[in-house]
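The structures come next, written out as structure tokens.
Across the two complexes that follow, subunit A remains constant while its partner is subunit B and subsequently subunit C.
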Partner chain A sequence: MSKGKIVSIHSFRGGTGKSNTTANLAAQAALAGKRVGIVDTDIQSPGIHVLFGLDENKMGKTLNDFLHGKCAIREVALNIGEHAFDAEGRSKLKGKDIWLLPSSIRGREISQIIREGYDVNRLNEGFQTIIKDLNLDYLFIDTHPGLNEETLLSIAISDILIIILRPDSQDFQGTAVTVDIARSLDIPNLILMANKAVPKYDFADIKKQIEETYHAPVAGVLPLSFDLADNASKDLFSLRFPDHEWSKALRGVANAILAVK
Partner chain B sequence: MPGLFDRLQKEIENKQGEGGITALDLADLPPALRKIMRLMLRELELNYPQLKEAIASLPDAERLPMNEVDEALDVLTRQAWLIRIGAGEKAIYKVNLRRKAGSTVASGIWNTLDSKLKK
Partner chain C sequence: MSENISSQLKKSFLFRGLPEEALTAVAQKVSARNLAEGDVLMRKGEAGNSLFMVDDGWFKIVTQDASGGELIINKTGPGETIGEMALLDQAPRSATVVAISPAKVFELKQDAFQEILNQRPDVALALIRGFSSRLRFSTTYIQKAIDWSQKIAAGDYGFIENTQQILKGSESDDDKATQLLSAFFQMVRSVKAREDDLKQQLEKLTLEIDEARRKQEFEDLTSTDFYANLKEQAKQLRAKRMASENEE
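Moving on, here comes the complex of A and B:
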């Protein structure tokens, strides 16, 4: 197989902090000296670009352009290490090898792709080509919550699948569906992460409960944090506040990813 | 006059139009076929010698006998889940993923939406 590892980040339900987590995990991998790409496959509701300080005007080519055959995948990759110095956290990525491949946030382009569909072969070719073109160690794929074509494809081709859930009954049931699919697709490394855990509970108990339910390792239980909410996706929280409990727990998840051989 | 590359590309596009596999189909495949398809998805395309080499490099427990591999390749190609260009040792294989379908909502609704969205 190709050298670079594909890390898909998924949650069955929305609102788990998936994009925030993906951006921070990718940033931690880049800080560790890895060559990292991030693809936003949440084509219907893209958002991860915000964490890297991008808006419609700062974005160049997007994944939508690539899927419509208007450009090569390499043209979509924006070098964050060269651009994102406008916030305290992001500035720590200066000179690092980290690229973002955003989805379009233009209404017409989103509606076009929903209306017309797209060639899923081309999406997969884009993933594999960018790993080779940029000689990536890791390609992080931020997925749409729930299950659809791009999400299932990203799960199917993953070396590592991170499933995020909140300690919540609805998340528990939905996560079981994704875990079943991941197992039936022989995903080599399945890692769970709990986010937005209420601090009054015992995190060790939460970890034990999730591991017993899914028979998969939990790499971190991250607290529900008003500080993180206050950050409002304006910056990469774990880089800006590295000593915060959320950031420490996130680094545990990042270390679990980096430890996979 | 179209060149060799153009003709091969046309052949691939024609075969891709015949259907294809979804990720959920992958989950339903027998383990041996699933391993081949996952490998193909990661490598995009493999010629037959590369495929044999890749199979040989799998851990003992996962390695497949070549007669089973050949049988699997035939089955997958017949189902249009795998595209085969050429034959024998020179054959090149490529996964054929099914196109994501567009919305079935009436086109008038999309046209109205587009007229209200800026370009």
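Moving on, here comes the complex of A and C:
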């Protein structure tokens, strides 16, 4: 494969476990030997850096700097395979080809970009450039929930769109619109994933209902887990607890992504 | 009169095993009492010193619930005995018994009962057998009830079908143990039905979509210039990437 694939992870509403899922999916792809980049485009409420053990001090240049023309996109990418061995799960990424492009977590910079907006085309160019610069197999994009312009752009340029939903009626309704948009934008690969499913439900039935409703494959139904909540974003859960039910189901989704030609 | 009483005595578990002439001896010691509807036969907490056999009419056995209201724990009618334990242990009455229709009972007072026991060791022995067989019966089912309770707690309801066939063979319909078991099985069936119902509700977690709203929201999002432009850009981008991929 000569060209890297853009994998956008989206959910209609917040709280679906999107950032956590994105980080774990990217980590699984890196473990499988792929060259992986992760962009946090949830500029308004960035969070994925925490899962990789980054704080303000460890962050260098951010996506905000790139969007404001202060640096090249390559300068934003932080090699996780060379850093972040402070937790048991993350340490498994040692020597892997995985880069994180974080958003700024400085309040002033966040409010600035919300106020002034940014050029979505520049963001798009950044994606294409970083894929080329780092010779990525996959660029995972953690999107902002909802369907604002930046998110629509991330969806529009995706080769693979992962939509995460919780099995509840609000998510179900919102996801329907997202699916329609994805079809309208001719996204080549649409994959659904249910997260935070209450374990007493019949997961096979949830999968069936979602697939019948959206006419798209569900790559996994991941359980609501106290263990995961207890991990509190301190580590990459699927690497730290590979035998957990959530981790097993997540690997199913990762495999669905890796299987896309 | 005493023949009628004898035949009544014969129906009760306590005197069932007695020979005819012993029954007659007991029958001579009892006295008949008529009650109107609403009359109280005994009150909870009173000293118990006699046993009653119901000849005619019906009684409710009541106690008080936590908030002081009347709680009917059982109903009893012709052929059944009330308060028999008091003859042996003289403990206070454990419940209040009230006639719910005009009724007639035979009363056997404790001193008369004592007299029979003193005079007739064979009768005493037969009564002890009656009590002990009842106790054994109850103990067996208490043991089973414990076993079943543990199964219910573990969510295993499989015993209901098998066990009920055995219970149907039981002839002692008047027995309290059978009543308890009947209530117990009724409870288990209700619990199981409720659980099944709940399970079905969970499995049928209905995720419905308002199609009109879906359509409206889609139109709102896609009717902008931004969207049209985005769609066109995405299309071009994809074509460009496809082309460069084919080149390589």
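In this text, the second predicted complex is superposed on the first by the 259 of 261 C-alpha atoms of A that agree within 3 Å, B and C clash if a C-alpha of one lies under 4 Å from a C-alpha of the other, contacts with A are read in each partner's own complex, and residues count from 1 in each chain.
In the analysis below, a contact is a pair of C-beta atoms (placed from the backbone, for glycine too) under 8 Å apart; a residue touches a chain by one contact, two chains touch by 3 or more.
Computed from a prediction, not measured in an experiment: that's the story for all the values here.
Identify whether subunit B and subunit C fit side by side or clash on subunit A in the overlaid structures.
They clash.
Given the touch rule stated above, what does A:114 touch, subunit B (first), subunit C (second), both, or neither?
First partner only.
State whether A:172 touches subunit B only (first), subunit C only (second), both chains, or neither.
Touch status of A:172: second partner only.
Who does A:243 touch here: subunit B (first), subunit C (second), both, or neither?
In the superposed model, A:243 contacts neither subunit B nor subunit C.
For A:152 in the superposed arrangement: first (subunit B), second (subunit C), both or neither?
After superposing on A, A:152 lies in contact with both subunit B and subunit C.
Tell me the contact category for A:124 with respect to subunit B and subunit C: first, second, both or neither.
Both partners.
Just subunit B (first), just subunit C (second), both, or neither: which does A:186 touch?
both
After the overlay on chain A, which stretch of subunit C ends up in the same space as subunit B: 73-81, 181-189 or 235-243?
For subunit C, the listed stretch overlapping subunit B after superposition is 235-243.
Indicate the residue numbers of subunit A shared between its subunit B interface and its subunit C interface, in ascending order.
Common interface on subunit A, subunit B vs subunit C: 2, 121, 124, 149, 152-153, 156-157, 181, 184-186.
Which of the residues in subunit B end up touching subunit A in this complex?
16, 20, 22-24, 26-28, 31, 34-35, 38-39, 41-44, 95-103, 105, 110, 113-114, 117-119
So in the complex, which bits of subunit C are touching subunit A?
Touch list, subunit C to subunit A: 202-205, 207-210, 213-214, 217-218, 221-222, 226-227, 230-231, 233-235, 237-238, 241, 244-245, 248.
Under the definition above, what is the set of subunit A residues touching subunit B in their complex?
Residues of subunit A touching subunit B: 1-2, 106-108, 111, 114-121, 124-125, 128-129, 148-150, 152-153, 155-157, 181, 184-186.
Considering only the defined contacts, which subunit A positions touch subunit C in the complex?
2-3, 121, 124, 147, 149, 152-153, 156-157, 167-169, 172-173, 176-177, 180-181, 184-186, 200-202, 205-206, 209-210, 213
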